[in-house]
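Next up, some structures in structure tokens.
Each of the next two complexes has chain A plus one other chain: chain B in the first, chain C in the second.
Then we have the complex of A and B:
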């Protein structure tokens, strides 16, 4: 097949949806500060609040339960920060949360959750990291046991994992949490806009998501805060977002976010079906052409567009860069590519041996991915793996 | 760094077209063979040499590497540097020489992925051993402590002599244990022994 460009890193970020781009260009003329009382301000305010309402109804929330943040990471940090608040003064919502001194999360959260949690741990909060099984699912019995020990303020479990795509049963995890008197947060950055998400149905107290993972602009995240639950602003010094997040609103980002959400409503369902089909084709193609491969993540409860695969005797960064030369963009859980020294914490948590984690590749498809793209990827992948294994010092029966 | 490629053009060239890759180990009939690294740590390489015994010169060098782009490129360029060198000169090749030949590498990549020089020294020592010239073997008297980076007890001793007193200082000088960390206890124990040997408490 002729060389083509295939972007398969949609879990890292997505291109702007053409409709979002149109909306952004049109909205660029709006420059007023939404807090200003004059015509310019009112015009911006109206657009921001319309966007908030549209986003709220997409996830079954009420208008005032939605606040905007600079990113999904900021939204996640803001929730963990609730436990950190030393003063518990001037905060929105009820106090008393700080009396409980424990947080429960999982070993496969995004680093923005893991590192915020490590930070509150340094201030004396007890942290429990739940294990996951070989598919990346948490064990609700372990959660029950840990939460049963008491003193738990918050449980934070991600809805869909960014690396392996595994989806957790958030509804039952949330029920267990509430039965034990704790608050529940989910990082839904990889889920909202890909899976149906309804905060009322799930019962969650906090839920974070982001625009740029779903064909919206970068630099805009969102946090759902259920009415009545405690909250402590992470960014202080302004009345914006009803005192819950200071800083002049990112008007353009918010408008683009709402448009992206609107388009998700139109496209999401058919797209998921399409992507599941492509994933099956890709998986079968890799299995057919390449020996010694291992698929990571849950076989069914997984994001439609995410496929994570490990190759024996081949290192991930080398695979990634050879694929890059073929016009194919993917990511890897190898230590080499991340700049850190350890391979992916998610792959290690599901029990992947280090050498297989170093040889892992994440393929994340999106709305533009076609059957021809996948056939091209299968073809080039086969050649690249053969090349990497041909150079590899690791011996075995894997030369194709 | 440019948008076309992550590393230097020279790295790209060697990565895309690696030189002297070993295809058939039995057919090659190496005079010496060296292995360094560990796939658990993400990098492992094998270097084989042929030597003109009369002149003491490396006439051929082949290799295989499990590792990232800079690990592949660095072993490839090392094979070019080694061929034609005397055993003594080849033994002196350092990771810096490799990085320079590649037109530069990011600092963190030099420590974790440039192991070819160590594999070459192991191959030269192996050659001496096979030739019954054990007196020439240098590594034989040393023991590799950090498997990931091929750091020996002699290097720990040197670092202590140069002023390392804590594990962090030892790591700053040698990068020991910065990959999988398995050797931490062993290297601390050795460091304490060398401290006691060279700087006994008064």
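Then we have the complex of A and C:
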């Protein structure tokens, strides 16, 4: 097969949808500050509020339950930050949680949750990290036991995992949480726009998501805050977003976000079916051609486009490098590029041994991925893995 | 195609730029060893901020950049040996080993597997082809790093490029400034990259304390004048930290692991002329008979004239003038004017 370029890193970010691009270009002439009262301001305000309404209804929320943020990470940080609020009673509406000083989360959250939780913990708030099974599903019995202690203010569990794609049963986790008088947050950055998400159906109190994972622009995130639940602004100093997030609105980002969401509504369902088919093809192709491979994540409850695979006796960075030379873009479970060699915390949490975690690759497909792309990837993967295993320093790990 | 080992610093960045200018297809690779960041916040050559710097420079140059995990090789071939050597009363040179096994070992192998024709680094040394390949000192004698690079045979020399060998450090700094890499002001790395503070606390953290057996400190006449904390904590020529009060300065002159004793001498007793070298490498042809060469016994020690006599797998070196603190474990590198004739590891100091 001739060399081609195949982008398979959609969980990192996605290309802009052509329709979103058109909308953005048209919206670029709008420059007013949505807070201004004059014509220019009104024009921008109208677009922002229309976008807010569209995004809200896509997830079954009310428009006033939606605030925009700079990213999904900011949205997640904002929720965890509520526990940190020194003036708790002053800004949350409900002061009843003040005596509860513990947060429950999981071992497989995105670092933006884990690190903000760790920061809150340093100020004396207790943290419990739930275990997950070998597929990445949380242990609800452990949740019941921990939350039953009665001191938990917030439970935060991600809806779909960015690395292995495993989807949690958010509805039942949320029920357990509410039954025990705590608030529930879900990081739905990898879920909204890929799976049907309805906040009323799920019953969540907070839900974060982001535009650039679903063919929207970068630099715009969204947080759903159920009416009446406590909140404390993470960024202060302005009345924007009803005082919940200061700073002049990212008008273009918001408009692009709404368009991306609209297109998701049109494309999501058929795309998921298409991607499940491609994933099956890819998985079978890899299994047929390459010995000693292990697939990570849940076999069914998983994002349609995400496939995480470990190769024994190979290093993730080297696989990534060789695939890049072949025009194939993926990402690796080992985080060497960030200066640390600790393998992915998600893979370790599901019990992947260190060596295998180091040899892990995340393949995340998207709306443009074709059958030919996948066949090309299967073909090139085989040679690349053989090459990488030939130069690997991990010897003797391979089962023959 | 050339793979350039990039640390994000001035030298390797300019090396990459020079190769690009010469028309090579260049790929930058930063090695990652998962080493702890230094406590004073100084960025390491292979830490997160070094990787970010190398990536930034690569994107400015428009070349691909990757990070490769070589921590296993580093641990197995360099750090483990470093610890073992100290325990055996020798003072290792981990940079020599890193060049042999990691940079121009594992990394070179990986670069070749990538389809590269050469591996380049920002070292100051030169390689010329004159019939066979020869390793030469750098043009900038103050920066010359050939001492650390003597352990390469023809097969490796053929695949290595040192683009900075003909430049002075000042010229390289100027080039970096002109290229606007924003890395020209960085502090240069001199320390051992995997040692966060000093090697003694590193050894303490890595070795069970029961392996450090205290023993006697003896003077030239064999009198016991103190107690040491374990031979691993001492190096030949060391003056500080002996815990002695004998009036005039004394230095560690011999480490006797069989007797678990440290011998100390006054300064004039520290000079030696004759020693044995093992693990020999002759980059461009083995030495056949006793030859007059110039020898360097430590990186910072000036070279002196010597007779080098090959004896099966070892060599006996007789210096024409005595040198202070010749240390087993360090490398002795033989020069024939500009050319690196060979070298090996100092095994035993004779007299």
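The rule is short, and it goes like this: the second predicted complex is superposed on the first by the 385 of 400 C-alpha atoms of A that agree within 3 Å, B and C clash if a C-alpha of one lies under 4 Å from a C-alpha of the other, contacts with A are read in each partner's own complex, and residues count from 1 in each chain.
The working rule: a contact is a pair of C-beta atoms (placed from the backbone, for glycine too) under 8 Å apart; a residue touches a chain by one contact, two chains touch by 3 or more.
This one's a predicted model, so the numbers in the text were calculated from it and none came from an experiment.
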Inset, instruction - With the two complexes overlaid on their shared chain, look at chain A and say whether chain B and chain C clash or fit. - result: clash
Inset, instruction - Based on the superposed arrangement, let me know which partner A:292 touches: chain B (first), chain C (second), both, or neither? - result: neither
Inset, instruction - Go through the superposed model and pick first if A:358 touches only chain B, second if only chain C, both, or neither. - result: both
Inset, instruction - Once the structures are superposed on A, label A:391 by its partner contacts, choosing first (chain B), second (chain C), both or neither. - result: both
Legend entry - Contacts of A:315 with chain B and chain C, given as first, second, both or neither: both
Inset, instruction - For A:325, decide between first (touching chain B), second (touching chain C), both and neither. - result: both
Legend entry - Segment of chain C intruding into chain B (one of 163-171, 181-189 or 199-207): 199-207
Legend entry - Touching both chain B and chain C, residues of chain A: 315-318, 321, 325, 334, 336-337, 339, 341, 358, 390-391, 393-394
Inset, instruction - Mind listing the chain C positions that touch chain A in their complex? - result: 32-34, 47-52, 55, 64, 66-73, 76, 106, 109-110, 113-115
Legend entry - Footprint of chain B on chain A - complex, ascending: 313-318, 321, 325, 334-337, 339, 341, 343, 353-355, 358, 390-394
Legend entry - Interface residues, chain A side, partner chain C - complex: 315-318, 320-322, 324-325, 334, 336-342, 358, 387, 390-391, 393-394
Inset, instruction - Report the residues of chain B in contact with chain A in the complex, numbered from low to high. - result: 6, 15-16, 18, 21, 23, 35, 39-46, 63-69, 71-72, 108, 112-113, 178-180
